[in-house]
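One chain, subunit A, links the two complexes that follow: it is found with subunit B in the first and with subunit C in the second.
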Partner chain A sequence: MEKTNKIFPGKMVFGFFLSIVMTVLAAIVFYTDFTSSVKLWIIGALAIFQAGVQLIMFMHMNEGKSGMINTINIVYSVFIAAVIVAGSIWILSTGHAAHY
Partner chain B sequence: MASGTSLPLEYSTKQNEMNILGFWIFLGAEIVLFSTLFAGYAVLEHNTAGGPAGSDIFIMKDVMIQTFLLLTSSFTCSLAIHQMRNNNLKGLITWLLITMALGLGFLYMEINEFIHYVHEGATMQTSAFLSAFFTLLGTHGAHVTLGIGWLTLLIIQLVKRGITPVTARKTFIISLYWHFLDVVWIFIFTFVYLKGLM
Partner chain C sequence: MSLDQILVTGDPMILASQIAILITMIALIVGISYFKKWKYLWSEWFTTVDHKKIGIMYILAGVIMFFRGGVDGLMMKAQTSRPNMEFLDAQHYDEIFTTHGVIMILFMAMPLLIGIMNVVIPLQIGARDVAFPKLNALSFWTFFVGAMLFNISFVIGGSPDAGWTSYFPLAGKEFTPGVGNNYYAISLQIAGIGTLATGINFIVTILKMRAPGMTLMKMPMFTWTSLVTSVIIVAAFPILTVALAFMTLDRLFGTHFFTVAGGGDPMLWLNLFWLWGHPEVYIVVLPAFGMFSEVISTFSRKNLYGYSSMVISIVGIAFLSMLVWVHHFYTMGNSAAVNSVFSITTMAIAIPTGVKIFNWLFTMRKGRIQFSTAMLWSLAFIPCFTIGGVTGVMLAMAAADYQYHNTMFLVAHFHYVLIPGVVFAVFAGLYYWWPKMFGFKLNEKIGKWHFWLFVIGFNLTFMPMFFVGLDGMTRRMYTYSEGLGWEAWLGVSAVGSLIMAAGFAALCYNIYWSFRFASREVGNDPWDARTLEWTMASPAPHYNFAVVPEVDSIDPLWKMKKKGIKAFTKKDLKPIHMPSNSGIPIIMGIAFGIVGFFLVFEWFTLAAIWSLGIIGGLIANSFDYDDGYYVPVDEITKTEGLDDTERKWKGDQ
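What follows is the complex of A and B.
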């Protein structure tokens, strides 16, 4: 088999570096004096960004002939997940649930 | 034999391509599965029914250790695939073993954490918050446990058969699974632990 890769796994090391930085950043933000909702928005954004790093740099999501199908599938799943989570919180914290 | 000259060995047959695509679709379903558990947790988080809240039982230091163990194992797993693509069997198995050791370390921490909670009187039956918490964390932990068993079997197969199109495909698929577990953990770390401790 021909060697298609470079010997040094630069992409993976960079991905790992980014993941560490974002995890540490999340921990730093956690200890700051911002209000909880501001902190939650920041660390939430960091989590989503870190998930993207994993998907693209470690999982090679857009690689191969089905790269585009993989991407569409995952984006669709994430959309469904967001609807389930945000929708549940919305429905169960407003309307009747909040005023019985 | 090879259908695409620039693609790695694990994509070399039609069957392999389809299996990898199929696994991505499975991961899509897993995202939705975990989203329902996250939704349940987010809704029930404040219903502590007189029992302990997250901020009473979570320990930041332990959570950070767990996070770094899993994060590093995800990285070593990507290094294993890198070695596989360089056709280096020894490197592949070495990194897979390191990945497994880190996974076991994570599991050890998590089981200890659960035992600790139960001793503090925070069981699954205590409150809606803890039911949702143990369901979400337990499902993730069960996935990690399954991953370790799967990895063990795969390493045995790699030792016996070496890197072939079939074992390369199997190894690539388990790497997807392992990275996915880390992705789920990032969200548990953020929206369960950090949010709970705020």
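What follows is the complex of A and C.
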């Protein structure tokens, strides 16, 4: 709460800078000669960082009274989504059930 | 579609049911009209947003569904009681085990637990209602409509018959072309909306509406388990929603999510179903653990042993519950890596569960135990559930599971988990919280009959199934030949099921007897309990707490009683802000039911027209600016018996 009295919003500017850098990087990667799967991995990773920057720096996920609850909520959601998607792909694409 | 396709014809038992249902409905309508109770029902129950009344309606619906699912169970037991029985044919048997499973899990266990949660949670945390009272009513009505839609299937159109798991390709249009499995997809979808909303409602209620001073680690254990359950609901139910949406699209609109010929994969259904289905087991069993914790602590006259280890193990169970689903289909032909990982996570769940078992035992150690009916259920739970848990660890080993998979051993295992873990808990909870709901206790003597008949019947019914399972009897087998050595086991099992049914009858008689004859003088705190719900009159006044209590320990009421502190005095009273009743939830629920019915029969135009009712309800709700009303201090004074002229508690007639 005390931080709102500060005149220069350093954190915001830094966040803004970071998101621009990551967006530009993603665009640069697109025009490189990497194979498309490498490109996708890099762009995907940048997207995840980008989402993190947005949540923490602009959406103030971990601040205020329910900061803790919000953080746990997001981490748990990411965990659940990863389990459902990665788990399903793993189960349905390995073993002889997938190779009949 | 012609009339003889809509009404199931040709089976005398179903014809008898149709006639019975018709007569019952006419009798209900005539009876309510004759006693002029429509207005009372509408204004006091159908439109209520009071969490206690909604809870009671959930419990009533759950008990009725228990009867329906129980009759299904008895019919199965009758059919397998002797070799080559001809009581049911294969199709009828398929329909009955399917509806038995769906009803017992989704329309019996869920509403009974959610009902008790509804009644108790706001009272335990010092709140006046749940966070979203109108949404709570909508949850109830969507659940109820979903349950009714599922239940009419056996007289109108035909029951679902692909098992409660509805595995594809059997549940696809190609192999079950009738409307039965449409009922499964649509009614579960409607009921699922309600459950998801309940989960959200309770998370917000518990996180935001606790009494001042009640930190998370000072919450009663039942509140803790309900919070964690709600989190699992919100994580897991959307998966069911998606799976059922795929099923609906496959069956109604000809897509091919689950058919190999069209590029789909039937194993995707199993994967999604159990991604929801396994957490669902913990959704029903965790609140039950919470109830046992409250009951054991109260009747041992001790605080709960190992409170923080209890909390850690609940959260641990919730975390692991999302990581074990493949153990339901080890035999699909997975890679060794998949089966090994899921074997390990499954066995790991036994650790936090074991911690809880020992915590209950240590709570009782050196306690002054009172053998009330509620406590008896908790005592019986521990050994019975442990048998279920240990056989679960046997099933968890993927290599060994190739032997047990889909045998009666598995069926016995999950009945040993779910009946002690859920049904015993609900019975314990009903006996324990009944006075807070209705202002009188259930009779303890009839309760003992209920207890002994049910527990003995339960063990006789399901213990033999372990042995026929190991002897090779597969699950869902509707008949068998003589000379396999199963006759004696299955005969005992059938007799046991009748004893269990007698136990349920004793419960119904107990409810009837106690309504008529039980003493109304139970006071606030009939069990000498420990938590906030026992600070107010029984039954709880509609505003719950005359003054919101302040809390500084885990068992606030116990501390108040030890120190002789009064909850509040007359001058603390202020007007209380309460939510108004609303008719929108029930109207939306009915619209959901009609749309669902038309979708089952694939009458899309009619479904589209009636879905305007749902949208209309949402719009009407958005323009509803009713901010509730205030209960004036005079009324509170009178209800609380603080009025000098009329010092009367509700019980003192």
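Here, the second predicted complex is superposed on the first by the 78 of 100 C-alpha atoms of A that agree within 3 Å, B and C clash if a C-alpha of one lies under 4 Å from a C-alpha of the other, contacts with A are read in each partner's own complex, and residues count from 1 in each chain.
Please note the rule applied: contacts are C-beta pairs under 8 Å (C-beta built on N, C-alpha and C of every residue); 3 or more make two chains touch, one makes a residue touch a chain.
The shown structure was predicted, so the numbers you read here are calculated from the model rather than taken from an experiment.
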{"item": "Partner chain(s) touched by A:Phe16 [first = subunit B, second = subunit C, both, neither]", "value": "first"}
{"item": "Partner chain(s) touched by A:Leu55 [first = subunit B, second = subunit C, both, neither]", "value": "first"}
{"item": "Partner chain in contact with A:Leu92 - subunit B first, subunit C second, else both or neither", "value": "both"}
{"item": "Touching partner for A:Gly64 - first (subunit B), second (subunit C), both, neither", "value": "first"}
{"item": "Touched partner set for A:Val78, first subunit B, second subunit C, both or neither", "value": "first"}
{"item": "Comparing the two partners subunit B and subunit C, which touches a greater set of residues in subunit A", "value": "B"}
{"item": "Partner chain(s) touched by A:Leu40 [first = subunit B, second = subunit C, both, neither]", "value": "first"}
{"item": "First (subunit B), second (subunit C), both or neither touched by A:Thr32", "value": "neither"}
{"item": "Overlap of the subunit B and subunit C footprints on subunit A, listed as residue numbers", "value": "66, 69, 76, 80, 84, 87-88, 92"}
{"item": "Footprint of subunit A on subunit C - complex, ascending", "value": "207, 231, 235, 239, 265, 267-268, 271-272, 275, 322-323, 325-326, 332-335, 337-338"}
{"item": "Complex interface listing, subunit A residues touching subunit B", "value": "1, 3-5, 7, 9, 12, 15-16, 19-20, 23, 26-27, 30, 36, 39-40, 43-44, 46-47, 50-51, 54-55, 57-59, 61, 63-66, 69-70, 73-74, 76-78, 80-82, 84-85, 87-89, 92-93"}
{"item": "Parts of subunit B lying in touch with subunit A, wherever the complex brings them together", "value": "4, 6-9, 11, 17, 20-21, 24-25, 27-29, 31-32, 34-36, 38-40, 42-43, 60, 64, 67-68, 71-72, 74-75, 77-79, 82, 85-87, 175-176, 179-180, 182-183, 186-187, 189-191, 194-195, 197-198"}
{"item": "For the subunit A and subunit C complex, residues of the former touching the latter", "value": "66, 69, 76, 79-80, 83-84, 87-88, 90-92, 94-97"}
